[in-house]
Amino acid sequence: MPARLIDSFATTGALADIFSDRAVLAAMLRFEAALARAQARLGMIPQWAADAIARVDCLDSASLAEDARASASLAIPFIRALTRLLDPEAAGFVHWGATSQDLLDTTLVLLLRLARGVLSENHARLASALRTLSDRHSGTVMLARTLLQPALPTTFGYKVAGWYGAVDRSWRRMSRAFDEALVLQFGGAAGTLAAYGDRGPELAAALANELALRAPDAPWHAHRDRLATLVAHAGIYTASLAKIARDIALLMQPEIAEVSEPGGASSAMPHKRNPAGSVVTLAAATPVPGLVAAFLSAMPQEHERAAGGWQSEWPTVAAVMQATGSALGALAETIDGLTVDPVRMRANLDALRERVDLPGDYLGSAEVFRRRILKDSE
Amino acid sequence: MPARLIDSFATTGALADIFSDRAVLAAMLRFEAALARAQARLGMIPQWAADAIARVDCLDSASLAEDARASASLAIPFIRALTRLLDPEAAGFVHWGATSQDLLDTTLVLLLRLARGVLSENHARLASALRTLSDRHSGTVMLARTLLQPALPTTFGYKVAGWYGAVDRSWRRMSRAFDEALVLQFGGAAGTLAAYGDRGPELAAALANELALRAPDAPWHAHRDRLATLVAHAGIYTASLAKIARDIALLMQPEIAEVSEPGGASSAMPHKRNPAGSVVTLAAATPVPGLVAAFLSAMPQEHERAAGGWQSEWPTVAAVMQATGSALGALAETIDGLTVDPVRMRANLDALRERVDLPGDYLGSAEVFRRRILKDSE
Amino acid sequence: MPARLIDSFATTGALADIFSDRAVLAAMLRFEAALARAQARLGMIPQWAADAIARVDCLDSASLAEDARASASLAIPFIRALTRLLDPEAAGFVHWGATSQDLLDTTLVLLLRLARGVLSENHARLASALRTLSDRHSGTVMLARTLLQPALPTTFGYKVAGWYGAVDRSWRRMSRAFDEALVLQFGGAAGTLAAYGDRGPELAAALANELALRAPDAPWHAHRDRLATLVAHAGIYTASLAKIARDIALLMQPEIAEVSEPGGASSAMPHKRNPAGSVVTLAAATPVPGLVAAFLSAMPQEHERAAGGWQSEWPTVAAVMQATGSALGALAETIDGLTVDPVRMRANLDALRERVDLPGDYLGSAEVFRRRILKDSE
Amino acid sequence: MPARLIDSFATTGALADIFSDRAVLAAMLRFEAALARAQARLGMIPQWAADAIARVDCLDSASLAEDARASASLAIPFIRALTRLLDPEAAGFVHWGATSQDLLDTTLVLLLRLARGVLSENHARLASALRTLSDRHSGTVMLARTLLQPALPTTFGYKVAGWYGAVDRSWRRMSRAFDEALVLQFGGAAGTLAAYGDRGPELAAALANELALRAPDAPWHAHRDRLATLVAHAGIYTASLAKIARDIALLMQPEIAEVSEPGGASSAMPHKRNPAGSVVTLAAATPVPGLVAAFLSAMPQEHERAAGGWQSEWPTVAAVMQATGSALGALAETIDGLTVDPVRMRANLDALRERVDLPGDYLGSAEVFRRRILKDSE
């Protein structure tokens, strides 16, 4: 599914798809089917009812968004639409004992699991491209620049290793945050699973099993720290990508011309070559800090389910994940196709030496540090 | 067009439509048609070419978003697609002398003009409902509450007038911000309109006229303060709506029960009645401060066109406008249907008097202030 | 008073002084003195009591901040400390009929009025320097750059006019926001001024007069849109300064070397010259969008006085004003001392022409636009 | 040292002290002394010079902040002031081979280590109070509330366990973030430690040892992900505190009156008792999401040292740590002194049962979940 035009740089086709109506409904249906199957397995509802529920595989979404506004919950019109597709007897077993938030939070978790797959693959591609680039240029001398002014010589390989180190650390944290956040939500109306007598935890375990999710120690309706951790680490990861993109855009200034991206034609000026991948990376990454703040500011949620804060989360989480994927996709492609000009790097260093009293060419421990960074992440 | 499910509370159908692919493309085509017509009128291109360009009324958007990523510009694949629909001779006159940003910024302005219409209508409805409610309850005594504790008596009419005053002031500022932001962008590749010799300003005026927009004193490619002002005022307006929603949700707690929204059924608990409209308002409004920050942090844009900051704006601006519309729509409906319980208001006041040493019933200048607020905005 | 070291780039001495304990206490005492005098004039309290209150001109602040935490209000320990300095009879007339928020909000307004004075003076200096610079370089040809790549020729005078236009518009908005926000807060415990019978508005007018502030139509305890408008416009103004600083830092890269700041020595590398003023401007401006979000997210305040949101505002507002002043001070000095190198500008243009197929030297309407911008703000 | 009045709720005395000029200078001197000692040990500078440098134990800070602005670096005037206190021979060995950022980043790390101590102690106090409270009320039945409406019965013990679980998880993450962020910064002018030949890593290890810090794999001048992680986790931790404070303020509404804080007198209304601790917690926590965004948006830092982003960090990091400490201190005290009213909890449940068709008293798995949460964090 193509991204919306307005979101051209804010997502990719693959990620837009993961948060599309089709995917949201599929995840919601999957939750209800899994719940029914788990309940049937534990003898709580008849197997035929579970089978009937699990057979529904699509739903008309036309008025769901509008109807969701009337009840402040997408779950309510969804359940209504789902039961209408079933015969009355089976309909009575839909969503039995669960609450809207169980369905909606778990749906989000299922979508996030899909997003993780896409991000993970692209991260691996970027990480590998960065390692290769660093190794290839371990001996390519260039200017280190501080405050946009020449500092001392360094190597492009060490510079790239610095990029890689930040991206690698940030991804590891984000990956742990995914591990922690991808857990079932299942607490019933008040977080006590009261509808199931003392069999709540047993059912939670069975439901988690159906969905191949971990069951957390307890429902987390009003406690959003796991999701917040994921959102925050996506923010840090994306900022680490943006730092690379900024460096590339700066190095690609024609007066510096030390690296060059493929692509990037201009509409009005055929002579220009734009740092298109870096620009897309920066365009995707720029709004993310504000989105992280949006999530955090919704966290002080009232009692056992918030009046507004919780309901605000979906677009924010979806936007953060998609921005991460967009920045990552653009940057991976940029690094893959990056042209490096060692001659120009050397020339810039020499040219500056004539104008400023630049110390010698000694590279100090650049290579030691470079190897350490790459080793740390093996 | 229905909103995406994930955006159920973050937009409305009407506003989702305004930022849809269909609407984006229509606005882009409108810009190119207007440019061609203005150029034909000034004798810069042949009338037949302008006619041909203006006749194009739809475009295949399937791969545009993906192609936009390759050039970091939606304008480039759009122009390519547009020219492919024309015979080669006319094609050469498309977008003549203009730059991507002229097209894209003006497109955004055209969409914002549509959004303004929807918001304006809903604001009028909300404002009128608030005035009526305030007048109706000018004599309805209730507790003023500070730090969520009982303070002194006030009137519900005065409380509502306070809500109204903030919303009215915020809308007036936002309306002025629309006036200021809804201007043509037209500067050519470097903001000098160099392609048109000394006829640039004349063409800008003609193009503005075609689009029924004002022409600003100069192109504003890298100067985003007018848009920022609009985004910020949408943030303040939305926060003023959220304050009302928060008050209503608090007053609707059953232990207080002084007002009540229509609607709001719960999926798991048929006995419950939720403050659905307030929740949707708060859900829409909560992320907006972060979005405002996202816009502001993109403002320090490099030289004559940014490498990332500018390209980040569309999703943020669209999200802010849609959130504003969503919060506004939900709140207007809530206020329209709000049930007020003066007996309970009085009972809460009396009940508290037994437990705390509450001063007398004197309302001071509540009514004076109430009338002043309503009068100020006539 | 020197700024704290940790705030070296986040404020200036003059602005740190305005938000210092000494200044806060002076403004608080001024409010209480003005209230007493206004009440004496209206015969509400004896003149001798007002005189006694107005005579107090300093207060021990040692434990006030700590004590404020115990009551969630700085006003309570302040009033206690103030009354302890008076004989018991006069003490009984202190703060009579007013509420904590009247004192604290008006104190903030008084501090903001002082901040406005400092900012206004520095803005005038910057604006004048920019106009002069633009005029001086109306004929200095240079490269316009888009996406950090060469675009077409423009003039440095036009570039500076663009900077000026954004700063000038942003300041005008901020100045109007000051006009709107600098109003008395006076509503008593519940916003009804109930303690004063029907004389509340009369007393409010007298008090406003004593403080040389406008009295608004009604108290604004839980309606923070006027302050929010000021904070937001400070955010936009500061972002407009940051754009200039970013451009200068980029132009000062030695490979470009078209402008140069005075000062900026480096500790480790004597050969370096850093864009120190631009860096301070950017350092001050970078956190401001987040601070704006912080203010906006505190706006949905409960009922007649918030439980947390209101109490969060002071550090945010003070930080925004100080950041604005810091960015402004550094940039004004930078522009004042900026060295422009027209020969290098021309050389960069010519050098690029050899490498890319740059169109001719035609400047289009650069000068027309430049003059329009400067004229608009006369 | 008392906090500034303007920061009454934004810090505590202990934390204000940690970021005071005195503490900043002490940490800066400690770095220089440790560097000199490490260099003497490795025979790089004479021992007498190291001794002389290490003997300096205070410095006049009067003009440092102002001077820092001139060079965009606090390190430069600091080194100048330090060398002035030494005889010329020793002065030549000060800061030898190091760069401003080595000094300033490590100073920040040393301050953060102090802050960690204060936070850690207060967290332990809060965590213990929450566990005790949860255990004491494992059988105290009350209403669970969703969307501020009655849901089903739960226990106060389970509710408190939910608070505890979020705070405990968030602290563990923050604690790991401290572990990761508290590392030496030492890279020299360009991150290569070029001044020390091939002995850079050896010196880095010795310096880290002197400061009892870990040495990271490589300098991290332009890679701020470790600090960002700490800032983000402080944001999540603080939001988890704010959620508790919000719940308490809501439960303390007199119409609900299920819990009650100690303290909280009102200036204008002696009959009132305010949720003072919760209000301070919320006041401290409210701006933190914006501060997190401020840090993240500064992360895409140019090349080997940023022009603005890096220099913006100190006030943001200091504000986040202090806000965390303020929220934590206030909440720990609140929980310690919290009065719970089980009779009223029961009465509210029964009263609502008369008005709405509330299901039975069955608590489901509340106690199972409660115990799991407490066990998980043992």
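For clarity, chains are labelled A, B, C and D in written order, and residue numbers in each chain start from 1.
Methods note: a contact is a pair of C-beta atoms (placed from the backbone, for glycine too) under 8 Å apart; a residue touches a chain by one contact, two chains touch by 3 or more.
The structure presented is a predicted model; accordingly, all values stated were derived computationally and were not measured.
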Report summary line: Check: interface with higher C-beta contact count, B-D vs C-D, is C-D
Query raised in the report: In terms of contact pairs by residue number, which of B-C, B-D or A-D shares over half with A-C?
Result: B-D
Report task. Between subunit C and subunit D, tell me the centre distance in angstrom, where each centre is the average of that chain's C-alpha atoms. Result -> 27
**Report entry** Separation of subunit B from subunit D, taking each centre as the mean of its C-alpha atoms, in whole Å
**Finding:** 37
Query raised in the report: Could you say which residues in subunit C touch two or more other chains, in rising order?
Result: 72, 146-148, 151-152, 188-189, 242, 245-246, 249-250, 264, 266, 269, 274-275, 279, 282, 285-286, 288-290, 292-295, 297, 307, 359
Query - Contact footprint of subunit A on subunit D as seen in their complex - result: 72, 144-148, 151-154, 158-159, 161-162, 165-166, 169-170, 173, 188-198, 200-201, 217-219, 221-226, 228-229, 232-233, 235-236, 239-240, 242-243, 245-247, 250, 282, 285-286, 288-290, 292-297, 299-307, 359, 362-366, 368-370, 372-373, 375-376
Query - Contact set on subunit C toward subunit A in their complex - result: 146-152, 249-250, 252-256, 264, 266, 269-275, 279, 289-290, 293, 297, 348, 351-352, 355-359
Query raised in the report: Residues of subunit C touching subunit D in their complex?
Result: 2-10, 12-13, 19-21, 24-25, 61-66, 68-76, 79, 95, 97-100, 188-189, 242, 245-246, 249, 263-269, 274-295, 297-298, 307-312, 314-316, 318-319, 326, 329-330
